[in-house]
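After this come two complexes, each holding chain A, first together with chain B and then together with chain C.
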Partner chain A sequence: MTSRIEVTSSGSHWDTAAFKRRLRRRRAAEKRFKWYGIGAVLLGIFFVLMLFFSIAINGVGAFWQTQIQLDIYFDPTEISEANLYSANYGKLVKQAMYSQFPEVTKRKEKRQLSRMVSVGSDVMLQNLVTADPSIVGTTRSLWFPIDDSFDMLYKNDFGRNSNKGGAGLISKNQLGWFDTLVEQGKIESRFNKRYFTAGDSREPELAGLRGALMGSFFTILVTLAISFPVGVAAACYLEEFAPRNKFTDFIEININNLAAVPSVVFGLLGLAVFINFFGLPRSVPLVGGLVLSLMTIPTIIIAGRAALRAVPPSIREGALALGASKTQTVIQEVVPLAMPGMLTGTIIGIAQALGETAPLLMIGMVAFIVDVPGGPLDPSTVLPVQIFLWADSPERAFLEKTSGAILILLAFLIAMNIVAVIMRRRFERRW
Partner chain B sequence: MFNQSSSLRVFLTVLAVMLASFSASTQAAERDYISIVGSSTVYPFATVVAERFGTSTQYKAPIIESTGSGGGLKLFCAGIGVSHPDVTNASRRIKQSEIDKCAENGINDIVEIKIGYDGIVLANSTSAKRMSLSRRDVFLALAKNIPNPDGSESLIQNPHITWKDVNSELPDIAIRVLGPPPTSGTRDAFAELALEAGCKTFDWLKAMRKTDKSQYKAICHGVREDGAWVEAGENDNLIVQKLNADPESLGVFGFSFLDQNSDLVQGSVIDGVEPEFENIANGSYKISRPLYFYVKTAHVDLIPGIKEYITEFTSDRAWGEDGYLVDKGMIPMSDEERNQFKTAGMELTTVRLASD
Partner chain C sequence: MTGWTLVLLVLALSSVFYFLAKRRSLRVATTVGGIHKLHSAPRYYGLVAALLFAVPAMLVLGVWLSIDQNIVLKIVLTEYFPELNWESQVDVNWLTSQIQILAQTGRLENIENSEVLNAAADRYQYLTSLSETLRNASVLALGAIVSFIFILFISARLKARPIAETLIQCLLIFSSLIAIFTTIGIVLSVLFEAISFFRIIPFTEFMFGLEWSPQIAIREDQVGSSGLFGSIPLFTGTLLIAAVAMTVAVPVGLLSAIYLAEYASPNVRSFAKPALEILAGVPTVVYGFFAALVVAPYLSDFGAYFGLDIAHESALAAGVVMGIMIIPFVSSLSDDVITALPQSIREASLACGATKSETIKKVVFPAALPGIVGALLLAISRAIGETMIVLMAAGLAAKLTANPLESVTTVTVQIVTLLVGDQEFDNPKTLAAFALGLTLFVATLVLNMTALYIVRKYSEQYD
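And then the complex of A and B:
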């Protein structure tokens, strides 16, 4: 006690060495704490950038496809009015290929040569002829996708230097022919239109995302059509009409619980209720949308209630004072003011639903489906499922297709989140 | 402000119309495409056939779900009608218990079609030295409990740390094998064809099969849990990538992945035989298994295109020695077997398991 009085009396209490040390330590701690925060943010940014770059680097290749130029003679002796759909179009492609290398005569070598063009080429010719039968008898110079191992060879020297030559999938002969064709300018990397217009395929050079994109579109449409009205109605009732009692508390707790349930559980529920009980078909976007809307509804209710709560009571009281009924007040005044917040919640919920695979596994939407769906009752997959299926395929060329699909999915998610942010900025009203 | 009630009303009307149109079209219960479930090993082959079938016939391409052999048979046997699958793929033969389950649900006629073989390989990175193992080595390296090396008929916990400990001719590198999880058919087949075969080389264990079958199975199929065996997930591409990153480890996966990645990984020699196409086809490479698909006869008249799908699958251009399935890594059967199962498919012969 005495010593302390001495210190104060002998000059400033803030001048001692001990005090300065403490002060330094505190400032250092403050600075350190700030750097911890900055470090955490930088680490997060670093991981996000790494993810984006690694996917982008792998994925851009998917948007280009190596193609080969062939002069196809639409031989009238092969194609006639009667057999437009069953003519041997594969033979036309093969002949065009053989004519590039007349010196190849052995059967085995001819087979190797014809395998360099994609197996889907005959269907492409068939589509051309059936669309316009007048081209029979003419010669056209056309670009065909090349087989996936050669696509990989052209893009990143796939196994060229290994002793087996192209992972053992490309023979020395084929390598020679390929180099000759590249020198002649007959092989080029061109924009991969099929990637956006075709359905799934087991041949990487033919595989496209259209089936998955349409499937996602229909699924999300169903989800939106169900979850938005139900979610908004539930939020309105709970926030504006329901009395505060134990029962509504119980409902509120359960809505919050529902929002936290793992999504695969909804898939099991969907299988039991929609498919086994109501007898809806497997693998269709209608069921997928129903399951995903179960998942989205709690998100919309929670966001909707928060938005309604943010509307000041004076708006309601004003409307009621002017003689509006409770329903008129809610529908004409409160809900429109809360709508931006509700829509933001809806967009975030839908973006989440767009990226789901687990609940769809149970209801058969994780499947190999070639045909592009035309409506919510045609079997289909969705974008994340397509990514999952391609990632599991043995062919190396699917690696870049997978990354390309991830890029597209990310682009959709970012676009939806940006829309949500813009809506919040533009329409949000502060009181 | 948000352009309030008018835009809201338009939005709600559009949603209502969409809902109404959906509920109106829900009535269609007919199915005009084939629904296929089953093994993930057969999936890469069945999907190619389905795609070719879809483009070359007037029928729609079948829908294929990869559910695993057991899961597929369970769905398949659940009943008759458009809501149940028509075909199931399997990487093992159907069991009597499953045939009985099917019969309980009114499915008495099932057609069995064997389509070919799949080899299972133990591979390592091409930057490392190729391994040459016997199935006994594989068992001694990977089993949880192994016979006591002093020769007595007792078990000890697997003490081996490097391959050299297992067999002095093998390199002095730590045992680390990446393989599929127990839910995978590949794992079942690996346990049966590699581990159990190695296990049987000990006479007293072989004799145990007759006396205490469950104990025998536990010993011969039990895999180490001390880190030498690493469960690497169902994705075989991932195992290939991991092997490339760590040249000292080995991986277990299907032959078709080795075929597609032979610039990155090499298959180990098993019992002196390389895992190559010809060796698997003629049966000298021992770790290989047959692949099947099963068809519900009652659905042949119900769903259009099933017979044509069987025709496509059993055509020479598909499963023949130069067929497109072979390009995808499937090992074809002999001419004789192909003829036998083609006939079974055409005549829709009902499967009968020999009582063995």
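And then the complex of A and C:
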């Protein structure tokens, strides 16, 4: 710098105009920079809120289902002891529907009318009759789920203005009947029990999450059963017993690396090793759990080692001084003290595994499965994969179902993380 | 008896052997004059017996379960279908599934039951049950024999505790080797399939080809399905989306890390840091849904308003959402690096008259740079390995373009789409996924290693 320093009458350059200008500029830059930071933080928090709100607004509707009240006459001429499982239950529903609107006579209009009730209604009737055959001959007032396009119509008027009468859309007639039924109070939004008790379905109004929830449960059970003991054992060995040499360094590099390997690559491993080489069946929670535990083990090992390191050496020295062997010291003194930290790490690892999707797609857990799985060897899907499948479905009603499933998944994850935080606060010891 | 009940039985029996050995050691103790004359406490004798029962039993069970299906099928197929072409995966898989369905349900839908198939299914059923019986017998017998021999040898001078501790050590070592087995498993499974892919498609064509269309024509005259495996469009697509993601994540993540580390009061920090880290805990499928069904339609409408033609499955939507996902990586890792710097360097700068922002820009940031570069490399590796967001929001068409408003595809999307559904391990289409997996694995490995290397090499020691 060769610039001359101005000196004013007071003999100082601190109150020259140029100095003041410079200072003003620097202070403005300071303020600006701080606001950039605040802006970045606010933007990040805005993203969090936007993510949660957009899903919550879409998803709340999934827990309610528009239903229609019909008086069903269990016609003894249709149902007999012999054909409990093969009677034409669909006809009963149709007749109840026609009796609502006796003025409808044309065949085409009748078909439109009967399409307003969900196609799953006959199965519901069959289940009622087979559970209690004595209701044959009586008339019951029952609630049935309504077809998904009318569900959308009732919930947010979707489709009212696009009634061209084409396939899949709502016709003018149907719209009129629907409004009449609403006026009569025969249509109501009720709690969607099926959403929690049924398996998957191609019909949005019949689709439920039970299959995916059970699949996730079994998968996570397998993951936990494998990754927790292995992770804790490995952490103990590496932190407490292992000598410092090239080999243990290599194991450590491996573990850190595995924690950063993309999840699809684990899917490739599962496909090539468990399914193709060992011949394990496809689409089953056992294989899913194996793959996920390989992904979770590094997380548990890293958390477990940190927890073991936090136990002060005085504990070990005390135990050794009293004559305990090295193994006794570690198993009876150190591990119990490190357990809260290890469990916290395990919960966080399991929460990650619960949200994992990509590797499970490749081992076939993406199949359309209606039955609710009963064990780790039944074909099944898991909650995140169900979200992926539903998000791909063209029906608008599945948008709501998908968001609802995401809300449930997030609720599980938040609950697990809260447990982890509470455990850390409660059991964390300062030495 | 299924595998599960066998596992439970093994566990139950190992506790039985625990008590047997313990009781025997106690009896031995009375003959030599009290428990204190034994080398080890009685529970160690029990522990060794239980371990000696359970470990060999589980090992045999594991090996048996992993190979018995293959052996049984091989026997059945060679016996009944001597003319079967083993090279053709399709034929083998088809026959296998037919036999299995027949054996389980007793009938086949759509297909006439042939004599041979029926006989094969019967044989399969017989061999499966035979293998199961043999398995149960050998698992239990081996464990029982080993454990029983140990019990016979129990004496006052038998050093049970060191034996038990050695066994436990072996189990611990085995557990920590699983990380290595996993890495080896990944490398071998990906490498072998990739090598058989490069036998069919030359390596140069894969690495430098400009056209990707993995569908292979079933009929000769089919158009546009020639099976081209040039992966350059996939690499550019991946890099394009990762670049969009980084332009979102780097400024937001870095600036919020600086603000939280340097300016924010402890109260703000304790609220804002976990709030940002929520983003790291959200499953990627949720981001995928958000990108495909919330952000993409909005961007598309927004673009139409300004006369821009934004594809519904644009790289922009996927990239922006991926950027949101990566923000907490950048911010947490950079925050750690910045807070780890000693306070003295800030104070020195402030004492020279620098403002806070000047201190940050000219002293703190350069000092933290190696760590930040490492964090950014890890974030890039995260971005190119991310699957669900791009699978749901980025489309399938392999286009060679640098325009983020268009639809592109990525390496991960292709891996998943090639492998969902039925796979044939003799078809280049399936094998291509493994070749892509190999490049992905190598790329992320190099990025992670470089990140670690930079952090180690360039971070100055201030202590």
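Rule of thumb we're sticking to: the second predicted complex is superposed on the first by the 387 of 431 C-alpha atoms of A that agree within 3 Å, B and C clash if a C-alpha of one lies under 4 Å from a C-alpha of the other, contacts with A are read in each partner's own complex, and residues count from 1 in each chain.
The rule is simple: a residue touches a chain if its C-beta (ideal position, glycine included) is under 8 Å from a C-beta of that chain, and two chains touch if they have at least 3 such contacts.
The shown structure was predicted, so the numbers you read here are calculated from the model rather than taken from an experiment.
**Q** Could you classify chain B and chain C on chain A, in the superposed arrangement, as clash or fit?
**A** clash
**Q** With the two structures laid over each other on chain A, which partner does A:Trp14 touch: chain B (first), chain C (second), both, or neither?
**A** In the superposed model, A:Trp14 contacts neither chain B nor chain C.
**Q** Just chain B (first), just chain C (second), both, or neither: which does A:Ala225 touch?
**A** It touches chain B, and chain C stays clear.
**Q** Does the superposition put A:Ser201 against chain B (first), chain C (second), both, or neither?
**A** In the superposition, A:Ser201 contacts chain B only.
**Q** Touch test for A:Ala260: chain B only (first), chain C only (second), both, or neither?
**A** In the superposition, A:Ala260 touches chain C alone.
**Q** Please work out whether A:Gly279 is in contact with chain B alone, chain C alone, both, or neither, and reply first, second, both or neither.
**A** Both chain B and chain C are touched by A:Gly279.
**Q** May I ask you to decide whether A:Val366 touches chain B, chain C, both, or neither, giving the answer as first, second, both or neither?
**A** A:Val366 contacts both chain B and chain C.
**Q** From the options 24-32, 96-104, 204-212 or 438-446, pick the one stretch of chain C whose C-alpha atoms clash with chain B.
**A** 96-104
**Q** Of the residues on chain A, which ones does chain B touch that chain C also touches?
**A** Shared contact residues on chain A: 229, 279-280, 331, 366, 375, 391-392, 399.
**Q** Using the touch definition from the top, list the residues of chain B that touch chain A in their complex.
**A** Answer in residue numbers: 1-2, 4-5, 8, 12, 15, 18-19, 22, 25-26, 28-29, 31, 33, 35, 43-44, 47-48, 50-51, 54-55, 60-61, 63-66, 82-83, 126, 234-237, 254, 256-257, 259-264, 322, 324, 328-329.
**Q** Could you pull out which chain C residues touch chain A in their complex?
**A** Counting only chain C, the residues touching chain A are 4, 65-67, 69-70, 73, 161, 164-165, 168-169, 171-173, 175-180, 182-183, 185-186, 189-190, 192-193, 251-256, 258-260, 262-264, 272, 275-276, 278-279, 281-290, 292-294, 324, 327-328, 331, 355-358, 360-361, 378, 381-382, 384-388, 391-392, 412, 415-416, 419-420, 423, 425, 433-434, 437, 440-441, 444-445, 448-449, 452.
**Q** Once bound in the complex, which stretches of chain A touch chain C?
**A** Its residues touching chain C are 26-27, 29-30, 32-34, 36-41, 43-45, 47-48, 51, 54-55, 229-231, 233-234, 236-238, 241-242, 250-251, 254-258, 260-269, 271-273, 276-280, 294, 297-298, 301, 325-327, 331, 351, 354-358, 361-362, 366, 375, 384-385, 387-388, 391-392, 399, 402-403, 406, 409-410, 413, 417.
**Q** Spell out the part of chain A that touches chain B in their complex, as residue ranges.
**A** 111, 119-120, 123, 158-159, 162, 164, 166-169, 201-203, 221-222, 224-226, 228-229, 275, 279-283, 286, 331-332, 335-336, 339-340, 364, 366-371, 375-377, 379, 391-396, 399, 427, 429
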